[in-house]
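By written order: A, B, C and D. Residues from 1 in each chain.
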Amino acid sequence: MGADRRIPVVILGATGAVGQRFVQLLDGHPWFRVAGLAASERSAGQAYGKAARWFLPEPIPEWARTMEVVPCRPGIDARLAFSGLDASVAGGIEEEFARAGCAVVSNSRNHRMDPEVPLLIPEVNAEHLDLVETQKRRWRGGGFIVTNPNCSTIGLALSVAPLHRAFGIKRLVVATLQAISGAGYPGVASLDILDNIIPYIGNEEEKMESETLKILGTPKGPAAFGVSAHCHRVHVSDGHTLAVSVETEQRTTAEEATRVLGEFRSPLAPLGLPSLPERPIEVRDEPDRPQPKHDRMAGKGMTISVGRVRPCPVLGLKYVALVHNTIRGGAGAAILNAELLKAKGLL
Amino acid sequence: MGADRRIPVVILGATGAVGQRFVQLLDGHPWFRVAGLAASERSAGQAYGKAARWFLPEPIPEWARTMEVVPCRPGIDARLAFSGLDASVAGGIEEEFARAGCAVVSNSRNHRMDPEVPLLIPEVNAEHLDLVETQKRRWRGGGFIVTNPNCSTIGLALSVAPLHRAFGIKRLVVATLQAISGAGYPGVASLDILDNIIPYIGNEEEKMESETLKILGTPKGPAAFGVSAHCHRVHVSDGHTLAVSVETEQRTTAEEATRVLGEFRSPLAPLGLPSLPERPIEVRDEPDRPQPKHDRMAGKGMTISVGRVRPCPVLGLKYVALVHNTIRGGAGAAILNAELLKAKGLL
Amino acid sequence: MGADRRIPVVILGATGAVGQRFVQLLDGHPWFRVAGLAASERSAGQAYGKAARWFLPEPIPEWARTMEVVPCRPGIDARLAFSGLDASVAGGIEEEFARAGCAVVSNSRNHRMDPEVPLLIPEVNAEHLDLVETQKRRWRGGGFIVTNPNCSTIGLALSVAPLHRAFGIKRLVVATLQAISGAGYPGVASLDILDNIIPYIGNEEEKMESETLKILGTPKGPAAFGVSAHCHRVHVSDGHTLAVSVETEQRTTAEEATRVLGEFRSPLAPLGLPSLPERPIEVRDEPDRPQPKHDRMAGKGMTISVGRVRPCPVLGLKYVALVHNTIRGGAGAAILNAELLKAKGLL
Amino acid sequence: MGADRRIPVVILGATGAVGQRFVQLLDGHPWFRVAGLAASERSAGQAYGKAARWFLPEPIPEWARTMEVVPCRPGIDARLAFSGLDASVAGGIEEEFARAGCAVVSNSRNHRMDPEVPLLIPEVNAEHLDLVETQKRRWRGGGFIVTNPNCSTIGLALSVAPLHRAFGIKRLVVATLQAISGAGYPGVASLDILDNIIPYIGNEEEKMESETLKILGTPKGPAAFGVSAHCHRVHVSDGHTLAVSVETEQRTTAEEATRVLGEFRSPLAPLGLPSLPERPIEVRDEPDRPQPKHDRMAGKGMTISVGRVRPCPVLGLKYVALVHNTIRGGAGAAILNAELLKAKGLL
């Protein structure tokens, strides 16, 4: 592989649910090459195919199956670390890698609300990358941390961003129907979710309420409007559904909002980021879409789908949004962030 | 059965999903005796056990299995008709029975919004029964029609009623996660709902928005506040979950609201209605309840459960409610209505 | 409770899946009173309602919610111990209790194949209780251990017993479709079983193949015929389905076999055991029954259902059997065993 | 499309469940071009996107969405007709097309057992194509009918074929766990299958028992060994699982059988049939595979997976097989048959 000029990357927490998605989505990536699969001491030393209890429907890539798992310590030959670590350990390990000069692109929540850490959706707030320079002073080694939003937040923030830009958001209420894969693996016990709903996901509502404002704000500070979230776990494998009611600063109609959502395009298209979907948002006009089973894989899982845009008798406008929670709402989001870093010369 | 002094009743649409619940809940009822099982011409003449494709987990009562199905035409010896008819035919048949002098207690939507027809939740708006006298003039034969709300509306209207009484409601947003049994039988195809959500139920949002106001209004007219509903079909057999955000006229706290909901009792308790639950609302304090699997059968399916009462950053107050959609939200609601009619001397 | 003359019992492993069923089924038991809820050191000292993550749809009994969990050590005032312990620890703890003079009625597999320990289905091999006397010598304290079969074995052994008695069994092939509750709690991850089948359950096939022969044998030794099992985990909460093909020594017909199965009654009926179902086996004649959702609760979960008795082109006879795996195939089986012990004066 | 030299084909029953798979799998097919989408008179004249209630997770191809549905009558410009018709109408319509000179490649059961109609699995019994010549005399117009097996039969016949060839089959018992898509659309009601098993599929056991023998026989007549099937509907979207116990004429071991299954290759590989999978059978060595969620798409759904090959205490050998029921067990099988017809110069 002497001629492989792709950037060597390490996946932190490679055996977990998010880690597996990183492995799957980085398989054959044109810019990045997985140079290390890092996990807990317990897994280190084993072949990845042994250490990871692979649960994705797609087969485990052959190179990954046989690669030896290493512990989550700097020293791996990699300029970039993707972190799918559990929040209980992510904080410290990510800082260690930043201090060691690594660009850490994290899916974990630990640093998301740090004012010096960008909470990034490339199509929405690429300008938050400016925070990287500020942040670099902190870690000395030249490393830094960049994060992507929580899996349900991204569906909200990305769908509401064009409306925010066009009309201003005054306040919004969102109810979620979240897939079990969002809880990791093994995650939700089958006895708890078969023929059932769990109307609670720890800290999820708080995350949606705060992260959304940070994303839609400026590098200097969060946006200031009311967000209220109701979060539910439902019996769906992948794909979070969001029912959103929103009040805009400037009044609008369902037709106008539909147009704004449908015309939304990423200003980053010219950069040629491999994971950037053609359309960040797909607006559907069937009365009963989007649906997780049919629409979660839109844009290879990187496009969110919006449907049922209609008047809300209380807040003015309502719609349904769907996001693939482990691709656009997880590993795919982090990879897109890393691609943006590279394109901007930050790697 | 010469000594059986219970009131003979007929079930219209007895072979359908709601009809089956009527059969099951009326089995051994102390006040009512099923004298007729009526269904379409196609089923008439067959034994009920043959004509109905019984789908409830509880076994079919023996008396019902062998009873011959009759067509939906007046002439059956019954002063009271429970209607579980499909809306496509319910309107005309129910009117025919009213004209023939029958008290028609209907679960169908056809007459719910008729200003002369009570849309009744006994614990909430028993005074709407006054409409019966007005209505009797219409049908000549002395019959009349009484309806119960849509299966998702009742969870909303019943849970919001104590708050409306105590603080006044200004507006509310509700998102529902509705069970497949709400679509009747065969209803939702398994291929459509396995690993999926359907974010649309025909006319359901409109029904929730209009019926709630009628119920919480007076016999003279509906209440006037904003209601916005988002309805979803989910992979649960029984039990509709509702995520409610509500703004009250008079400001209140989550604690105060919890107290008001928990202390809510039916003023009808002294009447001894057999189906009246001890508590119309059960307030739960676990962080992750109510859940359909655990709580739908509270009060034999006649008690709704409310939990997670907490502040809403947008509308002030939010909570989760759960209602058994085919008992409290269907046949059980109609039977309770009929019991009230009897207790009030209207049968 | 001074006047409570019921036998005080302790539940070992009370917080687990089987333990919870013991708690639920012993609630209000006429002969036994739960005097102790024992679990791991980690849980000891906590209120049971806290220590157990209750997962059954039925609510936790009030007395249990507040009872303090004790460690699994003899010294509890109880002559009888129900064991729902995990096999990794059950062996030693059960022996300790037997040595301390306790009658241990276990649902765990550890001692099932011990030639001195009865593997009991009261309706089938009550005479195996003779082993208790032999066994008592071993433990000195006068205690002993009695076990019930594995959750899938009992459906096979109980359904095949009348055929074995009437015609002799030559060999049989069984394929199972087993409920997730059979794997305990949390047990099967929802991501593993949603839209899936797992065609493997560790040691289950071996258990079915060996336990069946011990049950249908004599106290001196196992029966000798061929048993082959294929075990699968399926997406059902409760109720194991078994597809059985059987070759009998003496040829018979489907009609004759149906009659024999339907007429099977327990010789123990006169003993008045509270958990003994009126019929151990219910034979159904619908073409598509038994089904878990409809039939698992037959006889309060203690009756197995058999259907589709028909000729097998290969082995002569085939049928479907259904057993509630955590009642008849778990805690309920153990309680029935304990009732038999009491009725026989062995407690 | 003047330059499109692909063979024009018509899909009969194009709006149904099998028909939709034909549309999806023929999208971009290198040899065949869909020239007609035919369905009932009720659908005729509508755009296919309207007439078909598309239920596959994959999006409907654009060309199909807008194509006008035609009635199922000869006269369409097509030399080849794929039939996904319901058995209630398939018989007559297929004959009409054969009489009109069309090659009818059918997935319906109506003509499968006709001694002059090949029941074809290209890798197994390509020599049965000889029957086409005989058959042509019957229809005069030069047309003929070729069929593929029932969706569960194919998993059995294809997995047992190498064993039959190597060792001879004496008898076998199979239990199936069949996906809901096998029942068509809308097919199984969600209320019937959520938390349930249906241990019965009309005529399925008979079909497996007879079709398997025809496939493994010669063009002159069926093989003669005992086959016994137990069929169950389970809560899986796609992928039939089969638990097979088999007795071979010549004794063998699990290792030997594993080798024979793993080395099985199609003699047709040189023909370059586009839908022929590289391996008809994939043998897995994990203890808990194959599983529908992970393995149904092996070889784009055309490879069956076999695992857990092990000794059977009763019949000698047992294993688990998995087949994608609507691809290899439906439309994909028919398309492969058509490709073979073309390669053999029969179109």
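The rule we apply is simple: a residue touches a chain if its C-beta (ideal position, glycine included) is under 8 Å from a C-beta of that chain, and two chains touch if they have at least 3 such contacts.
This structure is a prediction, so every number in the text was calculated from the model and none was measured.
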Higher-contact pair (C-beta pairs counted), C-D versus B-C: C-D
Far-end chain from chain A, centres as C-alpha averages: C
Centroid distance [mean C-alpha coordinates] between chain C and chain A, Å: 47
Intercentroid distance (Cα basis), chain C paired with chain B, Å: 40
Multi-chain contact residues (two or more partners), chain C: 194-195, 235, 237, 293-294
Contact footprint of chain B on chain A as seen in their complex: 171-173, 175, 177, 194-200, 209, 226-228, 230, 232, 234-237, 239, 241, 243, 245, 287-294, 307-308, 312-315, 318, 320
Chain D residues within the chain A interface of the complex: 57, 59, 194-195, 293-294, 297
Residues on chain D engaged by chain B in the complex (per definition of touch): 55, 180-181, 185-195, 235, 237
